[in-house]
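In the two complexes below, chain A is the common chain; its partner is chain B in one and chain C in the other.
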Partner chain A sequence: MKKISIVGIGETVMGRHPERSLHDLVREAGNKAIEDAGIDKKQIDALFIGNFNSSYLCGQGHMGPLASEALGLENIPTVRTEGACASGSLALRMAMLGILSGAYKIALVGGVEKMTHQPGATVTSAIASAMDCEHEAMQGFTFPACFAMMANRYFYEYRNVKREMGLCAYNAHQNGLLNPDAQMRKEFTLEKILSAELIADPLSLFDCSLVTDGAAFVLLASDDVADGLRSGRRRVDIIGQGHAGDTLTLAAKDKITSFSASRAAAAQAYAQAGVGAADIDLAEVHDCFTITQIINTEDLGFFEHGKGGDAVAEGITALRGKKPINTSGGLKSKGHPIGATGLSQIYEIVTQLRGEAGERQIAKADTGLAHNLGGTAATCVITVMQGR
Partner chain B sequence: MKKISIVGIGETVMGRHPERSLHDLVREAGNKAIEDAGIDKKQIDALFIGNFNSSYLCGQGHMGPLASEALGLENIPTVRTEGACASGSLALRMAMLGILSGAYKIALVGGVEKMTHQPGATVTSAIASAMDCEHEAMQGFTFPACFAMMANRYFYEYRNVKREMGLCAYNAHQNGLLNPDAQMRKEFTLEKILSAELIADPLSLFDCSLVTDGAAFVLLASDDVADGLRSGRRRVDIIGQGHAGDTLTLAAKDKITSFSASRAAAAQAYAQAGVGAADIDLAEVHDCFTITQIINTEDLGFFEHGKGGDAVAEGITALRGKKPINTSGGLKSKGHPIGATGLSQIYEIVTQLRGEAGERQIAKADTGLAHNLGGTAATCVITVMQGR
Partner chain C sequence: MDKAKIYTYSILFASTEEFKDRVPYLTAILEKPDGKRFASLIAGWNAGTRVEIGQEVHSSGTDAGGQSVYSL
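And then the complex of A and B:
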């Protein structure tokens, strides 16, 4: 694959922003990415924006021109992409295709979500639109219930990893303490995490990710354009990407303890990048629930199926471990602004590969991976990045 | 531009389908397109689907895997695109970029919307999400009101074309009579049309498009793959495409009697296709309101600014005129299933270029154009097609 460079990144602090509009969130993160790249706005050829469900939560669709107007970008083509929690990565994927096709040289890619102003029941309804409404949501399914089923099945096929799931949450909060953009910067003992109230057995409170407002943007440039930009920062390229799907309904899947969309996307991404799982120095993986993180690290080939929990117990996935996972704090502690999540993952990997992650900087950060999942693993985008 | 062929098309009858699910609509139109192409489903590399607001109207987002599951397509990558009423054309645009980038050879592209089961006020709210919610919809703007302002301004800058707007509606219903997929197959006298109740002055009932359920799909193939398909039908290629945007808010636009997004997208599409406005034998243009049709035909360069009404009065845009517009019946008579509209336009142009339009077939149909607009002209995609 022709290389594409990530020449700018920007994000808001993730959290509750009752006083800020979608426009505000987009304006802050988008302008940060543009300023980070040091380019003129007039150079931007197109805008791709991921948003999951502001149509329902804010009465606002048509996010493409909203964002281009908020950012003062004139007349450029825009598109909103949606694939549930993978909406942001789909914007990145479409921008990649646009640059690779030769249609664009510089593309701004963003994601945004505003959720916390709505009552919990409304947020639950909004999120339920990421599953099959007719066959699942209307029958009473919720996302915690779906992932709880996966966890129970995982316990049955392998072993009970409830304690290791708690350790995932513990690590996430430890990492989030070091991330100024994280929503929940609090330390919790493993005991507190493990004794928290049940949400959907076996998932308890700390097994679930957060409800978050926020935006994240990245600026992509074709290799030749990136060559002309002198930012003084380490250049980060996207060297491989995979995108795959699976059935929307849980019942139609052949397996729920490993995700075929993740496996297919990983195979594509590794093949294109010319690297393997062992070459990945750090990864942001989609921890909508702690069990999801464990399954994802197995599907990515970091650990054998059924062994993801062991790796967590051994400290391998912690910040100073051999394979640090979610150094940002992940969806669990940094937050899960749905449409922005995939791009906030990219933000973290680029920050680490540039060596700009401050207190949470890991020692060796040359090749990183972002794994973003939508729905009950019905959409997956995986992106491999490398510093040079 | 490398040529891309449209090797299959399919759509549902447009109208009220209270008994049919989103799955059903997708299944019918998608399978028709696949069967029309005569390919095996396993050959399809990716699915792109336009949907405006089923998140709000049906509680259903994540339309990509819903569609791939409904169609029995396994594990392929999917994405939902949204850009208000241009959502379907954005799916086409992304599929084009995907094929041109080399990532895919064969892409299924669809659009779907289900709206008529909701009460009018809910539909109005859903549609209002295509404008700026905070600065427009919350202040009481509706789409008829926005386009009424455009009409009034057009009357001020040029002349009153209320009668010609009525003729647009008259032609649309005459054409729709001949289209078995049209929602409102009824003949109306010009007198009845002109005397209908006002909706937003000067727009009256017949100046407004319909609320519609429906789906439309097309199957795209790269040139080399299309060479291998022998359908016995005339081959139709996409020879040029343009995509441009404008501000989301009406107040920020420099002009509301001509759309900069349309003009920019038209310039791109014509340049890429190597044809001009005079070479277009027929066009489907976005007639969300009759005034929009008149403005669009001017922005496309078919007629001078301010002269679009004259062309309608002279019969030039009628089915047997020199520049037939909306031979399908358009959004006014065929219907406006928002996410599917852009692809239903493509369906009509391909049908005409193949010579398969039956009673509404026009005599010379070699080069056709589809013009799809989102919001108050904040998103525009224009596609030029040619038979060979």
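And then the complex of A and C:
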């Protein structure tokens, strides 16, 4: 594949920003990415923006022009992408294809979501629209319930990993403590995590990701354009990407303890990149729930099926472990601004590959992977990045 | 009587606008004898009732939309 470089990144602090508008979040993160790249706005050929559900949560549709106006991008073409929690990385995917086709040289890619101003049940309803409404939401399913059902099935097929799920949350919060952009920078003991109230049995409060306001942007450029930009720091290329889907309903999936969309997207991404699971130094994986993190690390080939929990217990996935997972704090601690999440993951991998992650910087960061999942694993985008 | 087995399940303690007044309640993915699976809210669950994968449930009528309602 022709190389595409990530030449700029920018994001807001993730958290509760009830006083800030969608425009404001986009303006901050978008301008940061443009300034980080050191390019003139007039060089940007197109804007792709991921947004899950501002129509429901904010009464705001038509997010493409909203973002381009906020950023002063005049008449460039804009596209809003929606693929539930994978909306942000779908924007990245579409921008990649646009550059690879030759249509564009420089594309701005963003994601934004504003959620915390709504009551909990309203947010739960907004998120539930990402599952099959008629067949599943109307049977009382919620997202926590769907992933709780996966967890119960996982316990049945392999073993009970509730404690290891708690350790995923513990590690996420430890990493988030070191990330200035993280929403919940608090330390929690494993005992507190394991004794928290149940949301959807067996998932308790700390097994669930956060409700977050925030935006994240990256600027993509074709290889030849990136060659002409300012140097002085490590260049990060996208060397492989995969995108796959699966049934919208959870009930129709062949298996619910391993996601075929993840496995298919991973196979594409690894083949294109010419690397394997063992070559990945660090990964941001979609930890919408702690059980999801365990399943994802198995689907990515880091660990055998049914063994992801063992890896967590052995410290392999912790910040200083052999396979650091979610050094940013993940969706659990950094936050889950749904439409922005896929790009918030890319932000972390680029920061680590550049060697700019400060206290949470890992020692060897040459090749990193971002795994972003939409719905009950109905959409998956996986991106492999390398520093040079 | 129409029967199915519990493929997996969860008991919810928080829910959407539409279902929040019904918590706690039991939802499941059920499997028919032919292997077909589907989502279903399960009636007849009370705190402390034992639920497990593989357990048999039965159809106890239909809801307002004509769909089968399953009970423990």
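The rule is simple: the second predicted complex is superposed on the first by the 387 of 388 C-alpha atoms of A that agree within 3 Å, B and C clash if a C-alpha of one lies under 4 Å from a C-alpha of the other, contacts with A are read in each partner's own complex, and residues count from 1 in each chain.
The definition used in the following text is that a residue touches a chain if its C-beta (ideal position, glycine included) is under 8 Å from a C-beta of that chain, and two chains touch if they have at least 3 such contacts.
Computed from a predicted structure; not experimentally measured.
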| item | value |
| --- | --- |
| First (chain B), second (chain C), both or neither touched by A:Ala103 | first |
| Partner chain(s) touched by A:Ala378 [first = chain B, second = chain C, both, neither] | first |
| Partner chain in contact with A:Asn152 - chain B first, chain C second, else both or neither | second |
| Contacts of A:Leu319 with chain B and chain C, given as first, second, both or neither | neither |
| Larger contact residue set on chain A - chain B or chain C | B |
| Partner chain(s) touched by A:Ser68 [first = chain B, second = chain C, both, neither] | first |
| Which of chain B and chain C A:Leu248 touches, first, second, both or neither | first |
| Which of chain B and chain C A:Gly120 touches, first, second, both or neither | second |
| Touched partner set for A:Pro77, first chain B, second chain C, both or neither | first |
| Contacts of A:Leu219 with chain B and chain C, given as first, second, both or neither | neither |
| Intersection of the chain A residues that touch chain B with those that touch chain C | 125, 128, 137-138, 249, 252 |
| Chain C residues within the chain A interface of the complex | 7-20, 22, 25, 27-29, 37-41, 53 |
| Complex contact set, residues of chain B against chain A | 21-23, 47, 52-53, 55-56, 58-66, 68-69, 75-84, 90, 93-94, 96-98, 100-103, 125-126, 128-134, 137-138, 243-249, 252, 260-261, 264, 374-375, 378-379 |
| For the chain A and chain C complex, residues of the former touching the latter | 120-122, 124-125, 128, 135-142, 144-145, 148-150, 152-153, 156, 197-203, 249-252, 256 |
